[in-house]
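Scrolling down, you'll hit the structures one after another.
What follows is a pair of complexes built around subunit A, which joins subunit B in one and subunit C in the other.
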Partner chain A sequence: MGKAIAFLTRTRGRGDGSQRLHWTDWFTYGYLFLGIVLMFGPVVWLVMSSFKTDAELNNFPPRFLPYAQESVVLDGHKKPLPLFTVTEGELAGTQVAQVRRVGIVSQMVKLDAPDEIIKIKVKEREPVEKLALAWENYTDLFKRFNFLQFLWNSTFITIISTLIMLLVNSMAAFALSKYEFRGRTTVLALIIGTLMIPQTVVLVPLFLVVREMGMINSLWGVIIPGAATPTGVFLLRQYMLTIPDEILDAARMDKASEWKIYWRIILPLSAPAIAVLAILAIMWRWNDFLWPLIVLSRTENFTLQLALNSFQGEMQTQWSSLLAMTVLTLLPIAVVFAFLQKYIATGIASTGGK
Partner chain B sequence: MANLHLQDIKKAFGSIEVIKGVNLTVNHGEFCVFVGPSGCGKSTLLRMISGLDTVSSGRIMIDDDLVNDVAAADRGLSMVFQSYALYPHMSVRQNLSFGLENLNTPRKLIQQKIGEVAAMLQIEELLDRKPKDLSGGQRQRVAIGRAVVREPRIFLFDEPLSNLDAELRVDMRAEIAQLHKRLGNTMIYVTHDQVEAMTMADKIAVLRAGVVEQFGAPLDLYHYPVNRFVAGFIGSPKMNFLNGQVVSAVRGEVSLAAGRGMALQADSFDLADNAEVVAGIRPNAVSIAELNEADVTVEVHGVERLGGESYLYTRTSDGSSVTVNIQGETSQEIGQTVGLSVDVDKVHLFDRETGISLRRQQA
Partner chain C sequence: MARMISYCMRIIEIPMLYLQKRLGISRLAWVFLLPNLLLFGLFAFLPVVLNFVYAMTGSDQILLQDRTFVGMGNYQTLTSCEDFLNPNSCKDDLFWRAVYNTFWFVLLQVGFMVGFALLTALMLNSKIRARGFFRSVFFFPVLLSPVVVALIWKWILQREGLANAALEGMGFDTINWLLDRHWAFFWSVFISVWAHMGFYTLILLAGLQAIPRDVYEAASMDAASPFRTFRRITLPLLMPTMIVVLVLSLIKSVQTFDEVYAFTGGGPGSATTLLIQYVYETGFAGTPRLFGLASAASILLAVVLVILTCLQLWASRRNVNG
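Up next, the complex of A and B:
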């Protein structure tokens, strides 16, 4: 840890032993700081906003931290009343509670005289605010919406689809990298060729196929069509090419079946590439929007991404729920990435060979 | 019992024929070495025997069973690869047990066999390590162990020592020879190193361009090479070749282009008068002689002093190089002209056109 910090805070220095920073240090840190702001700014803003009340979200100009107006419970009033500070007139500086507002005039009561209505112009008062996290944005997701169902749908699709995809892709890659057969190059070219066809072009035919197979409004309708990806086949094939054929020959001499060679030799040895593909697949599936939108139309089948979309109505958008759910949707993928990111670097680096 | 018969084995990749009809018989318990320059097809031949490659034509028989269409695993062979081909993700123990598991050997028996093999090859303390944590020699032992543990009928070795350094190679050579003695199995060993072949083999098959040039015991090949290629390939340093012409077939007189005439034993060779021949003389069949008594006069252009013996690298007047092996030390220096006398009993003669040995077959 200490080493990491020392590494991260290294400076070029002036070279004369003094601790003063060289201009390149300033430049580097400035550049890196800009990068951090660009990358993390939106995410931090999102998290902050997800804790704001609807009123605060509609406030202009927007503020960074989540504020909420204070309120008091007074005798003779059933609901808590919002607190204001009077800014002008003879009452300037005192705190009053608003009972109701009529046009540009609000009816207030003093805290010590809850029955006596005072009329104050809207311009002449300021809300009393404090820092407050609007946790209800999150709790509402569970109370008012079936968040757990959406989470389950997304998780199920992501996990199953990733597993199927790894299995199918690695088997294809094994055949294409380790078996000599007629038309191997053609098959490979065809698979890579499909990379050049945009998803949107095949959308309608794919929909027709899925409908004919009765998979509309089923999670399998999302899982199956994405089971094989040309990128995955190509990535794994390139990696498997680096596994020496002699190891396979040795396994054959050891009376291993071809399946066993695949399962016990090829798969474990391709682990770095498979980890890379797994991370990519998880991200693809989790963030997938267009295809689930087409296949899944009933709310109980919605994935998180579809649920997020449904918050955004034609007339109004429930920003608070939308933001809270966006944060929750980001979390799993961020965790997966944090734990597996080292495999991405090593995996991609080692797909080039030894 | 494990005899191996190859009958007219051919292998073609596309239109290129790499093995052009090989006939061989390796008897039970023999250590047979396939030796030849790179690209001669020796590894291909081994892979065909193993079943990893198919034959284009011909028959492979193991113990009189035709195994052409038998899968590699079912031929009862095991193979040690040039790169060792250990399973990198498995421990040494798993490497050894993998083949036995595939044969559905009971777990207890597997452990027992691994124990025996590990003790024999002295790799017991390595059993839980991964191949990447082993040195080259240790990997080699594990690779051999993996072959031994399955108790095959025939062992196949594909240049197993070529990745080791010179010293280790000599050690492993001795160990493999010992292993062969202990196990008594038939072994087939591929190498391009004729020293390995000479030191280990019961029988050597010298291959060139997909053809077995000669097949026999190491010293037979050394003393009675059937052609110039085998003569040049077997023996280190290489045999010297000097052009000559038969003066008299009856008296066995041959004149060397670079020297005087020699009188050989006429009844050992099939000679014709005035035939163009090549005399093959091993470096230890020549010795330094007085210039006026010398058969050949040469100029020294290289000296190697190894202490116990010395090598002179010399050139004759017509440009043929002659290597001379001298026991002990020598005082010759580069640039000197020296005379050489030839031990006529050890001279080989080859037809200059065909390269075929002119020595008569012994009865």
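Up next, the complex of A and C:
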């Protein structure tokens, strides 16, 4: 034991024990492990809960692992019967199946004699349980709710608006970084100015503009207004400024058109910045809430976020579906994060979020 | 997909080539800028102008020609109070409740968030193993959608949830967390800190790592205590980053809506109704839809945001120059 602790607490450097962990190190690790519990715990709890049956979800106090009651199919009974263990009386310790329950008495049958009904008090039995994942919470989403429609809406908005955002913002960044023209400073100032106009303060007039363009209750009403972002323009422009102009001149010598220069040279060379913006755009659109809430009022247009929000009001008791849906909503972002976390972190740090 | 995009690009090249010959290279820049400027014009600058028009007109019609001119009426409705410290004495009491809620929310959220972000950044910056792993542990909630964050915590705090089970396990009475106004407010601040802290931790960590090592070496030569080192070296050198973090978090905190709305719906009563929710509910969710009032409220909010954004630009410029 002592050796194990010595091993775990050793630090790099001399091995003579003069550099054992200081109390501040213990404090640091304590804080960080508390952080793991506090940050990961709620999400793990959510995922675990999403695999529990309705009965298990209503259990208080809740258990960590998803359990489900075992059931058996017996001759003479159409449905599978739930299994119990008798806790008291002469039958104590045997497994019986419950046919039905009347008040505080349940009618049971022995497994080897399925026709013979025995009466046992509810208190004197205990359910036989096994670990089981309630996948039906997830399959129900596809059967009973319009889940695929919501998923499609969210995916469509995310992909299309990311593509449009990349195209529009990179074109502007190209013009602002590689051309000298009169009014460039003015345009830059204007774009900085839009930083001061977040969607949240122009909701009402934005609604009018989008309405006049006939995009209320249409996915395009969510896609188009958010397509140009000052953050995106600046992120890309900053990167494009580092691309040497000589490359462009060489291409012009070879009679490449300006569009070809943009498309064949500038875009591929600024791929790292484009990737960062793409990740940010996907995150913003997938998680977007307030503006879709205003624009999309019909259920068939709902994004996943809107569907989640409106279902939590309606299905106060139906946590099983709600939890499964929450897990499926956070899954794409979790996958993206797992693969691209380095880029996400640097990207977000370099742009200051949104 | 890639093929389709490259096909589209080739089609766009045809009109662009024509424009290039017609306009010349330097004026082509405007063609590249056009889509962006059009979008900014339509969805940012035009709305700002229209916002003032809305704020000065009444009625529940969205079309401008159907609206009646009321001058400063909407502002007067919002700001007529007998006693500004008591929302009940105001004509529009919900607005003032939202103002006070937002004020306390911003104060507590920014305070705790920046505090914990700094502490976490300091921990992550000390000599530890698996720094990358711990960094992403604190960072990943930033990526979760606000609605998901709200639901995760709602599930834990529901009447028969994990939090109450823990309370009962320790022998306390269970609490109906989201039906008590003080607890609901506390948890709103809490989930908001939980969700956004990692982002600021990341920025502060970058700031800490930019502090040169030799300064610390010099300090340890002089046998400075850790606390003194922190106060005399770390804190002053981190100040520019701290200012950026403070202003950024203020800007975002003032605009909080999503997670709190999905979490409590503004309740119980109006205990957690924040300003953006007031704008949303007066303008879009309630009947009649009071667009004018919503606009006037959002203009008052915009004034605060413009000041904060100017501060941010000033701070980040100073940061770059310094």
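Quick notes on this structure:
By definition in this document, the second predicted complex is superposed on the first by the 232 of 354 C-alpha atoms of A that agree within 3 Å, B and C clash if a C-alpha of one lies under 4 Å from a C-alpha of the other, contacts with A are read in each partner's own complex, and residues count from 1 in each chain.
Methods note: a residue touches a chain if its C-beta (ideal position, glycine included) is under 8 Å from a C-beta of that chain, and two chains touch if they have at least 3 such contacts.
Keep in mind the model is a prediction, meaning the values are calculated, not measured.
In the superposition on chain A, A:318 makes contact with neither subunit B nor subunit C. In the superposition on chain A, A:260 makes contact with both subunit B and subunit C. Look at A:154: by the touch rule set out above, it reaches neither subunit B nor subunit C.
In the superposed model, A:169 makes contact with subunit C only, not with subunit B. By the touch criterion defined above, A:177 reaches neither subunit B nor subunit C. By the touch criterion defined above, A:187 lies against subunit C but remains apart from subunit B after alignment on the C-alpha atoms of chain A. Once the two complexes are laid over each other on the shared chain, residue contacts for A:246 go to subunit B alone; subunit C is not touched. In the superposed model, A:270 lies in contact with neither subunit B nor subunit C.
Put subunit B and subunit C next to each other and count what each touches on subunit A; the higher total goes to C. Overlap of the subunit B and subunit C interfaces on subunit A comprises residues 257, 260.
Contact residues on subunit A toward subunit B in their complex (touch as defined above): 244, 246-247, 249-257, 260, 264-265, 268-269, 271. Touching subunit A in their complex are the following residues of subunit B: 47, 50, 52, 71-74, 77-79, 81-83, 85-89, 98-99, 102-103, 146, 150. Here subunit C touches subunit A in the complex through residues 5, 9, 12-13, 16-17, 20, 25-30, 32-33, 35-37, 39-40, 42-51, 53-54, 62-64, 119-120, 123-124, 126-128, 134-148, 151-156, 158, 160-162, 164-165, 168-169, 194, 198-199, 202-203, 206, 226, 244, 248, 252, 255, 257-258, 262, 265, 276, 279-280, 283-284, 291, 294-295, 298-299, 301-302, 305-306, 309-310, 313, 316, going by the rule given at the top.
Residues 11, 24-25, 28-29, 31-32, 35-36, 38-40, 42-43, 45-46, 49, 58, 60-62, 163, 167-169, 171-172, 174-176, 179-181, 184, 187, 190-192, 194-198, 200-209, 211, 224-228, 233, 257-260, 262-263, 283, 286-287, 289-290, 293-294, 305, 308-309, 312-313, 319, 322-323, 326, 329-330, 333-334, 336-337, 341, 344-345, 348-349, 352-353 of subunit A are the ones that touch subunit C when the two sit in their complex.
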